[in-house]
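Step one of this worksheet: look at the structure below.
Think of it as A, B, C, D, E and F in the order they're written, each chain with its own count starting at 1.
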Amino acid sequence: MTLTELAAQNLVSPMVLFFIVGLSAAFAKSDLTVPEAVAKLLSLYLLMSIGFRGGAEVAHHGLSAPLLETVAAGIALSFAMPLVAFAILRRITRLSGVDAAAVAAHYGSISAVTLAAVTGALNQLKIPYEGYMIAVAAAMETPAIVTALNLARPYRDTTDGAGKDRAFWGEVLLNGSVVTLLGAFAVGAITGERGYTLVKPFFVELFAGFLCLFLLDMGLVAGRGLLQGRKNLSAALAVFAVVMPLIGASAGAGLAILIGLSAGGTAVLMTLAASASYIAVPAALRLALPEANPAIPLTLSLGVTFPFNLLIGIPLYISIADRIAKVAH
Amino acid sequence: MQTHLKKRIELIIEMPLLRRVTERFNAAGVSGYSVLPVIAGRGQSGTWSADGQVSDAGQMAAVICIVDEAKLDAVLDVVFAVVSKQIGLVTVADVAVVRPERF
Amino acid sequence: MTLTELAAQNLVSPMVLFFIVGLSAAFAKSDLTVPEAVAKLLSLYLLMSIGFRGGAEVAHHGLSAPLLETVAAGIALSFAMPLVAFAILRRITRLSGVDAAAVAAHYGSISAVTLAAVTGALNQLKIPYEGYMIAVAAAMETPAIVTALNLARPYRDTTDGAGKDRAFWGEVLLNGSVVTLLGAFAVGAITGERGYTLVKPFFVELFAGFLCLFLLDMGLVAGRGLLQGRKNLSAALAVFAVVMPLIGASAGAGLAILIGLSAGGTAVLMTLAASASYIAVPAALRLALPEANPAIPLTLSLGVTFPFNLLIGIPLYISIADRIAKVAH
Amino acid sequence: MQTHLKKRIELIIEMPLLRRVTERFNAAGVSGYSVLPVIAGRGQSGTWSADGQVSDAGQMAAVICIVDEAKLDAVLDVVFAVVSKQIGLVTVADVAVVRPERF
Amino acid sequence: MQTHLKKRIELIIEMPLLRRVTERFNAAGVSGYSVLPVIAGRGQSGTWSADGQVSDAGQMAAVICIVDEAKLDAVLDVVFAVVSKQIGLVTVADVAVVRPERF
Amino acid sequence: MTLTELAAQNLVSPMVLFFIVGLSAAFAKSDLTVPEAVAKLLSLYLLMSIGFRGGAEVAHHGLSAPLLETVAAGIALSFAMPLVAFAILRRITRLSGVDAAAVAAHYGSISAVTLAAVTGALNQLKIPYEGYMIAVAAAMETPAIVTALNLARPYRDTTDGAGKDRAFWGEVLLNGSVVTLLGAFAVGAITGERGYTLVKPFFVELFAGFLCLFLLDMGLVAGRGLLQGRKNLSAALAVFAVVMPLIGASAGAGLAILIGLSAGGTAVLMTLAASASYIAVPAALRLALPEANPAIPLTLSLGVTFPFNLLIGIPLYISIADRIAKVAH
């Protein structure tokens, strides 16, 4: 499939269209909302479903490429990308050191719903990916926070905040989304074929539908976030929020080639690197870097980068990954 | 009915901070506290709403704590040690209670 | 199928039975409740599902009858029915002008869950209906409010309220249920066969089950509403709440004949006309007609008309629509 | 700890009114507000409960707003301009705060 | 704006008790009440959280009731008749209202 | 299948594994939570699904064994088990009379999620059970409370509490879970084959998936309950919480043999008798026995007995029931 075909198909997928409905409703100031508890249910479902299917895939096919190397690559990306992000931000924007470090943390880490979207697109295209990419995703959530706190240190007039606190790192490492992803991955890997058959109608067949609901909500939240956060959004920051995912995706592609991932696995690693956290990192930074303005990274990650990845990035990454795989094999 | 004067501390604090603040309430000797949800708000750091949110970051909770005047300063110290750099607010009001021994 | 068979089958459908369970639980003062967030999820799901399937039907079959005329008919009904309702209410009940106008607004508009119930019944009977009836439903939500505010004007000692307010009409036109219905309709229409296949397990196959859950909740809410609102319910009002749907359905049937709708489309238009709003209109009137007592229209619409339509009206309308279509073709 | 006197306004208002009221708070110069959910209640217009409801009509929310006494009347004027015909209530209480400059 | 003094009763009571308490409010002549959710807390009987709970047992709700001083004792009597053996607390505070006739 | 095989298979079922994930997350102090509204939705779904399928089974197969006798046996168990529990507790623990009675009430009654788990396991093993066991479960919820209040009476310095109150018994008999179970049972029994086909994708095919979600939540709640309630947990109490289910299961097995239940029905009756309430009874006792410490029975029932039944009890009961049935026929 050519990139144009892929992009066209992506843009008329019901998930992407529901995202656009949500975005439009927010811009038009409709009162449509999704209750918080429902949003959390949808997120829980998606994490359990992705995790479980990843585990089941590993149970079925075994490890088709080097697991450890891929996890190491993910961790390295998460540690390193904030350095790049920080350098760019300090050069092209007027963000303070602390705010630049906060934004950098978001872009080093990953977004679970973007992961859900790429796996949804791959399923739809029937492109398989290594199941353990789920474990890679979980491993990429946290390292960026370490780098970012170190980047921020010289700019802080205090050492306040939970960053030096043991309990804090426990909380961050075991945040709800990591635990759900890895837990469901373990369940999928242990339970095998029989378990898979049992929960397939729920965790596999309903995935696309649940993703529609969640992306409708994401559209609403992203749209309202953009309206609220407009004032935080300079041209330079908007450019960053589009360029940084491309840099991340390129780095992800490079490592995927080195490791020899499949087309699907390459697309997933590119997307992970390209995505920016909007759940785990924001919460952690409120504790560890309280003087950073939380609205800036959130507006960028949710309002610009997420829509960019969903609408343009994912089909692009898949198409590139496809070519890489064809050249390699 | 005979009533006794106590203080009602009301915090509006960031959700990610909640666990830390309530854990320290113990040390300051409060007899208890209650957490109420906040679903939307506005402040210096902008307008927010809980609707559709998966993340607790950016959301607030209200904590109510009835304390004896004698413990008020100790509790406020603890609270400010945690919340000083954060988004949120602290108010104190007079209230009457009927069973004074429990605070 | 004869009317009696249809009615008998309707009364033993799981949806209707779960509604009766909810109603009975409320009357028996059971503490069974459905959390608000869950009720909102169920409503969101039903709207997305109805809207999506309507759009997909249009994508598949094209426009099998004149869309614009049907939308115009729906809008006309919504504008006109409050006039009839108001005249009847002022004649047979003691409602004040303002309260009568408020009730009239509810009966001119439509109820999305009644729409869900009639589409559920039609699916079950395998009677197809024009997919764009969903767009007609969305168009019928608002016009009744305009008529009712005009009807109320002479009886108000103030011009207070949001009725003259631009922002108000924006909110009303873009209320959450209209946006969800039309948004999902657009998604269904754009995404076509491939999208339909993808989300069918969620939006199509689970419809009946979700409707059971929602109707259990509706039974609880309607039952408790009736217990609370008893004192607002005179014999004359109860008669109105049963007669008005029949008038609406007749008007709907007449227009459906003129337009030449299919049996399914006729049943849907009749049901829409027969149904009374209990979500969008109440909220709008709290802003635009605050001195009206909100309990009166709600008791009528939710406590009398909704159960009447669900238990008796829908099978009646379907059976009549079926005969109309047989005569016509 | 040194504290300063402020006013705590507490509204219990109809949900459909919420957006209008909070939007006008801005104009009246408040530094912020917080919205808390109300799940059930009773008043002159009857008993209600949020359970199982899809519609916000008929439901109430609590809005808390800490203001300086100097701004109290301006805020109450704004509030009454919107809520006078509506279901609900407004109360004002004295509270002490520690960081007075932010209100 | 002219204001009038009333009393604000705030109960934090066990959910399973809620229906009984509010039913008795009627008899005591209150003009209304509002129920707010409580999502977590700590007291003599331990720490609790509403998260993930199916059961209402062990959970608390906050009930706010604005009453005229003249009715205060009658309401407190009613409240204590029900809640004396139970987990929870009762506080009373002064508040000003604008429309005194409705309480 | 041998007991060992059964146990092994149980331990790698996705439901049990998700429970273990939840338990582990709680012990590791992860911030993973399931919103209250979601937990209530999951519970509502499971009750409706179990009830409906029980009713549908009765509609399909008719009453394959004596309904009334089984209901009577269930009620007798619920009345009698608190006497045994109370005697043991007073002998081996230091609980006060009131607290012992409160715990006894929990163990006489039943746990709906344990019922869901055993029906899930039986479905998975394709072992049928009498559909009306659902009605038996509903009948077993309340009688234990009567016995326990009588047991507590001599130890109370007051007759306060709602126990003598008519409204109280109405509430207890019609509590939400009883109404949902019995209501859905009635719907399933009335609606027959056609209704079953209609809602099967929702109420039957998704059951395992929903149970996974609910057991993840139960693991979190049980784990946190154990951490909180540790101080209430003596060795003697922990022994009680494991022995009492075995006593209950034995009594259930005895009665099942007398009545001549099938293997599946025997396993269900054993599991019901072995399970301890954690929803209906706690709420009722807060009204009727307010001076009892609610944390003690909850820690035992949710923190010890539920995990025991889920991990060990259910496969054990099924395997024993299987042997009983083979001997009997």
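Following the convention adopted for this analysis, a contact is a pair of C-beta atoms (placed from the backbone, for glycine too) under 8 Å apart; a residue touches a chain by one contact, two chains touch by 3 or more.
Note that the structure is predicted; figures quoted are calculated from it, not measured.
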Third chains touching both subunit B and subunit A: none
In whole angstrom, how far does the Cα centroid of subunit B sit from the Cα centroid of subunit D? 19
Inter-chain centre distance, subunit A versus subunit F - centres from mean C-alpha coordinates, in Å: 40
Would you kindly tell me how far, in whole Å, the mean C-alpha position of subunit F lies from that of subunit E? 34
For subunit B versus subunit C, what separation do you get between their C-alpha means, in angstrom? 45
For subunit B, write out the residues touching at least two other chains, lowest number first. 36-37, 39, 93-94
Would you give the residues of subunit F that are in contact with at least 2 other chains, written as numbers and ranges? 31, 33-38, 40-41, 201, 206
Show me, using the given definition of touch, all chain pairs that touch one another. A-B, A-C, A-F, B-D, B-E, C-D, C-F, D-E, E-F
Going by the contact rule set out above, which residues of subunit D touch subunit E in the complex? 10, 12, 36-44, 60, 62, 73, 76-77, 80, 89-94
Write out the stretch or stretches of subunit C touching subunit D in their complex. 33-36, 39-40, 42-43, 158, 160-162, 217, 220-221, 224, 228-229, 278-280, 282-287, 290-291, 293-295, 298
Touching subunit D in the complex: which residues of subunit E? 1, 3, 6, 8, 22, 25-26, 31-37, 61, 64, 66, 93-99, 102
Provide the residue numbers of subunit C that touch subunit F in the complex, in ascending order. 9, 12-14, 17-18, 21-22, 24-25, 28-38, 41, 124, 201, 205-206, 208-210, 212-213, 216
Help me check something: in the complex, which residues belonging to subunit C touch subunit A? 35-38, 40-41, 44-45, 48, 52, 170-171, 174-176, 179-180, 183-184, 186-188, 190-192, 194-195, 198-199, 201-203, 206
